[in-house]
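Let me begin by presenting the structure, written as structure tokens, before commenting on it.
Chain naming follows the written order as A, B, C and D, and within any one chain the residues start at number 1.
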Amino acid sequence: MIFASDNWAGAHPAIAHSLAAHAGGCVPAYGASELDLKVEQRFSEIFGREVAVFFVGTGTAANSLALATANRPGGVVFCHREAHVNVDECGAPAFFSHGARLNPVDGAFGKMDAARLEAEIRRFPPEFVHGGQPMAITIAQATESGTVYSLDEIEAIAAIARAHRLPLHMDGARFANALVGLDITPAEMTWKRGVDLLSFGGTKNGCWCAEAVVLFDLSKAPEMQFLRKQTAQLFSKSRFIAAQFDAYFAGDLWLDLARHANAMAKRLADGIAASASSRLAWTPAANEVFVIMKREMATRLQQEGAVFYDWHVPQHLAGILGENEGLYRLVTSFVTAPDDVDRFVAAC
Amino acid sequence: MIFASDNWAGAHPAIAHSLAAHAGGCVPAYGASELDLKVEQRFSEIFGREVAVFFVGTGTAANSLALATANRPGGVVFCHREAHVNVDECGAPAFFSHGARLNPVDGAFGKMDAARLEAEIRRFPPEFVHGGQPMAITIAQATESGTVYSLDEIEAIAAIARAHRLPLHMDGARFANALVGLDITPAEMTWKRGVDLLSFGGTKNGCWCAEAVVLFDLSKAPEMQFLRKQTAQLFSKSRFIAAQFDAYFAGDLWLDLARHANAMAKRLADGIAASASSRLAWTPAANEVFVIMKREMATRLQQEGAVFYDWHVPQHLAGILGENEGLYRLVTSFVTAPDDVDRFVAAC
Amino acid sequence: MIFASDNWAGAHPAIAHSLAAHAGGCVPAYGASELDLKVEQRFSEIFGREVAVFFVGTGTAANSLALATANRPGGVVFCHREAHVNVDECGAPAFFSHGARLNPVDGAFGKMDAARLEAEIRRFPPEFVHGGQPMAITIAQATESGTVYSLDEIEAIAAIARAHRLPLHMDGARFANALVGLDITPAEMTWKRGVDLLSFGGTKNGCWCAEAVVLFDLSKAPEMQFLRKQTAQLFSKSRFIAAQFDAYFAGDLWLDLARHANAMAKRLADGIAASASSRLAWTPAANEVFVIMKREMATRLQQEGAVFYDWHVPQHLAGILGENEGLYRLVTSFVTAPDDVDRFVAAC
Amino acid sequence: MIFASDNWAGAHPAIAHSLAAHAGGCVPAYGASELDLKVEQRFSEIFGREVAVFFVGTGTAANSLALATANRPGGVVFCHREAHVNVDECGAPAFFSHGARLNPVDGAFGKMDAARLEAEIRRFPPEFVHGGQPMAITIAQATESGTVYSLDEIEAIAAIARAHRLPLHMDGARFANALVGLDITPAEMTWKRGVDLLSFGGTKNGCWCAEAVVLFDLSKAPEMQFLRKQTAQLFSKSRFIAAQFDAYFAGDLWLDLARHANAMAKRLADGIAASASSRLAWTPAANEVFVIMKREMATRLQQEGAVFYDWHVPQHLAGILGENEGLYRLVTSFVTAPDDVDRFVAAC
């Protein structure tokens, strides 16, 4: 009953096998091998247009590097208050951008409210040097709350980005989970809706360590080469990331794994919704389920072997929690077994 | 005949197998798994004392993070002029330390001359605020020239470090190659000789991606936790690095692999020394061979399939090269076959 | 009727005269002149203990440098949401500290609420590396809202700082205005109440350009020498700042100037409180008056020559403003004439 | 007999008077006053074209900000080995540019050798990401050695800058001294010869504190507004810098002051050249004289009240010094009196 995080899982057998299969021989380092180039080409096919791809080691690196391409003096990035970049990356975006600040924007269920976003940006008029200047907008898809922006919601935010000439970044640490949730193409969820920069995550969905910055604006690629190296994210044996992505994409494995994780989340959510003792904080759209239950019940479940985390209660939910109730996050992954879900629901 | 670099190789089968063996199940992320802790403990055994170990993704990250622990305003790091940190890391040490500068020190065969080091440090007297202040000394073991500091040479530099109260860092991207070259223990080559900070590399010696910062001063460990996370080097599935090191250390595999690479370098060097058409620039002590030959001969060899790099001629060698001669670097690794070496020597 | 800001004024005649009087001759540069040392000594007398003083060029520099002394990886500084460091310094504190983040804390009338401060700090438990780590607390005295922390309020915040082992910084851009408002000694308002780092401002109170970082913890002084130089705040002709402070302190001119500015603010506040058409947003305690009036009335006053700024309405005041009403800030200074105040009040 | 540095002098009476004259009244802050705008306009007249001017507090700030406009990941700035930016600014350029590195270039008498510059730039080919990428070239006019680049020499370096698409920066801390030395117009010495970025210094030539970044490429001006503020170099009472420049330019005072300083340097140099006991290291072209004499004689002169500094012996001069001889720098300024010069010469 491990629902701690999707990064507690290891690697899918096909991905582990691909790594082993590419372990032999000598090939050019630093991303110049045939396999590297093949996988980069695969990204372009998946997105239905030429893209520039940069393999990196962590999701935090992908987010920080993508945002750093937009860096400007006194720069301000707009993100949801509960966004991973804002609360879980130890200031990495600010570090990579030499002091760029994250400006939190509120919005229900982990999604920025477009009107509030517009209002926050307006606090930085171009002539007011003291405040600083907007430099980018970032959304997570799926969000930290396990919700997913609809295409219309992405478009609304992209329109604001365009109006203010700001690049729009998407944190896709759980890109596949959002994608299969919406059941659309990668192109539809990104550049066709105005996304300029993407952090494409594979780690949480069955890879050991496979993250990439995807640039839809190819003119930024040359600088990114140096930016990645200067920030120590250029891997010498780059093919070990390429080999993972190679298996990840083969036969649409990545979509199957995400569908499984999402299905397990739905099974869990349905069970909890039907239970007498706990309830959903909101409806999950990907592979994270947020549950409200009595604190002592959570403690009991944890003592019985269930692993999941207490979660910080967002302000807009503060009124919803009853006495002695807490908010808990349960995450499913490609390895989550239906039995485990059912055992948890039964224990509730 | 691939002598481009030891990072053109992939992963040793035992290491690839260990990864696959640890692919299943769910374990705590971010370095808290049993395997992570076991491997950290193994580092302490290998170094004969308690050490703090931080897995990171690249050698550049290890060097930059280790040096960042010593950071101070206006900080200056002393390194050999041809050091990897100085010429091959795209300014990463300066980036991680927010502008710390590298002060090159000369010395024959890739090793800092202790007297020159002392002279360079003295250019920054404590009362002269305009120059900046010394913050660390870094040596590479083995060096970028494929040479190895003797224990006495390390001690001489460590004495200077102590006298100026500067931490001494060792870039051990090729730690194992140096170690088996000197045939001593890790403790003898590091903390017993005054090394405070170590970049411990496994990638060039048979791992996919396994690097670590090793701190002999445990008081710096808490800050390093945050420094590693802020710089995007904390891996969620940390056990994929641990699994590599686990196999790397098992049965002293790492030493065997390094002995093989060094032996191949010796075989290559002996062959070249005996050849009529080329000669050694200096005697190799690890797994890199620097060769002087006619440029047209190098071109011919490359056309015949040999892969190796032209090398920047250090100033102190400038007078040695004959007309139309160039300096070339050949690197052997755990996968280099004797046949390949012999074919190359025959082609010379 | 200039109430735009106290930095619209120039220099007090005594300060301008002191500058002119020290214009001749040759003296050691970079802060080593007799005058520099005399003024540094004067600071120690004023604070009733030995302090380390560093002249800098701007209040933003003083704040950023003071906070930079506390810098740590993933560092988080706690400040009031409306604090100058948070909204008016273009990210300088983050820049000087390489990505340190400011965590806003709410509280009425520009003053941090101690309980909320404690709650915000607790969001960063030491073992949770993803969030980052607290590094400092900063309060402004007087605040951006023209209010002043009482000694008890400072003590309450200092107690939290001590409990979490965080340095407490005071932004004293309007130090003198706060001091004469409380009618206590500099020692009482700072180190005796637990303040560790002070930005001491002279510019807004009659100097051309005279700011200083005051360190109560002398052990941080050597690093600050290099930090100030590295950040380009070490002035070669340092005596031009010293000469200003020399006249500023002579005969307690600084306190007289602040008393005048505060008295003008009180006169203005009393007039507004008695007027039918406008009202005070809150009671001023220094030299800033925040007024609520109809927007069209503000426009009319501005057309008649009054200069003052619209102000961002803090959230806790949102409910107080009536229809078509705005919040306006009026600042008095050492040059504000009673006649100007009276003309403004009459025009209301 | 003060020849320590031109920043040991104070302010010229006309400049001190201008400051006092502008001390009264209230005017817009942060550079928006009429006087600020008038002086900015004056800069455009002086340079014979529209320029963007940014007042800053120190020469180090001007250099660092100008170079920061050219910043890029892994960036490398080429400067003379003995340049002020390289040896006397405590790493500020690296700090302002987040880790940009200075690459020293050799050349006799403080001037970069164009051929060596070209060779150094070529060490960073665009496809070699590990090395980093060139970002700017900077020359000092006058140089730290008191020499002056001829127009042809500037053009030779500008041609290299153009060929590599690098901006050319001029450190004009002693701009006026170089200008009157060459007896040309500011336009001829800068943008007409390919200079893109200028640090324009007034402090060493009679101002208290008056430095400016001059941008010939106006498109960089908007970013500089934020860059200056973020780095704490935007002065609230900006007119105190404007007032100094106003008097500095009036009636060509600045040129007269520089001519005086240069004339004193020539008088000093002539005297030394004619003396039996000391000699010139090279011919001065501005207001700095470098002298070779016995160390004991230097000590004696210093004991007799002469103030001047020992100087680091550049490598190419190493062979010139006799036994017990040292290299000494003597700087003249607008306040240097002929009598003082003559007394020093007599004492030699």
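Methods note: contacts are C-beta pairs under 8 Å (C-beta built on N, C-alpha and C of every residue); 3 or more make two chains touch, one makes a residue touch a chain.
Listed by chain with UniProt protein names: A, B, C, D = L-threonine aldolase.
This structure is a prediction, so every number in the text was calculated from the model and none was measured.
Enquirer: Quick check on the contact graph: shortest path length from chain A (L-threonine aldolase) to chain D (L-threonine aldolase), in steps?
Expert: Minimal hop count between chain A (L-threonine aldolase) and chain D (L-threonine aldolase): 1.
Enquirer: Between C-D and B-C, which chain pair is linked by the larger number of C-beta contacts?
Expert: Counting C-beta pairs in contact, C-D comes out ahead.
Enquirer: Sort the other chains by how far their Cα centres are from that of chain A (L-threonine aldolase) and give me the top one.
Expert: D
Enquirer: Provide the C-alpha centroid distance between chain B (L-threonine aldolase) and chain D (L-threonine aldolase), rounded to the nearest whole angstrom.
Expert: Centres of chain B (L-threonine aldolase) and chain D (L-threonine aldolase) (C-alpha means) sit 41 Å apart.
Enquirer: Centre to centre, by mean C-alpha position, how many angstrom separate chain C (L-threonine aldolase) and chain D (L-threonine aldolase)?
Expert: Averaging C-alpha atoms per chain gives centres 34 Å apart.
Enquirer: Please report how many Å separate the Cα centroid of chain B (L-threonine aldolase) from that of chain C (L-threonine aldolase), as a whole number.
Expert: Whole-Å distance between the two chain centres: 50.
Enquirer: Which residues of chain D (L-threonine aldolase) are in contact with two or more other chains?
Expert: Touching at least two other chains: 30, 73-74, 89-92, 95-96, 98-99, 129-130, 132, 226, 229-231, 234.
Enquirer: Under the stated contact criterion, what part of chain A (L-threonine aldolase) meets chain B (L-threonine aldolase) in this complex?
Expert: Touch residues, chain A (L-threonine aldolase) against chain B (L-threonine aldolase): 2, 4-5, 7-13, 15-17, 19-20, 22-30, 56-61, 64, 89-92, 95-96, 203-204, 208-209, 226, 229-237, 239-240, 333, 335.
Enquirer: Taking the complex as given, what residues does chain A (L-threonine aldolase) use to touch chain D (L-threonine aldolase)?
Expert: 30, 72-74, 98-99, 129-130, 132-133, 222-223, 225-227, 229-231, 234
Enquirer: Can you check the complex and tell me which residues of chain D (L-threonine aldolase) touch chain B (L-threonine aldolase)?
Expert: Its residues touching chain B (L-threonine aldolase) are 73-76, 87-92, 94-102, 123, 129-132, 312.
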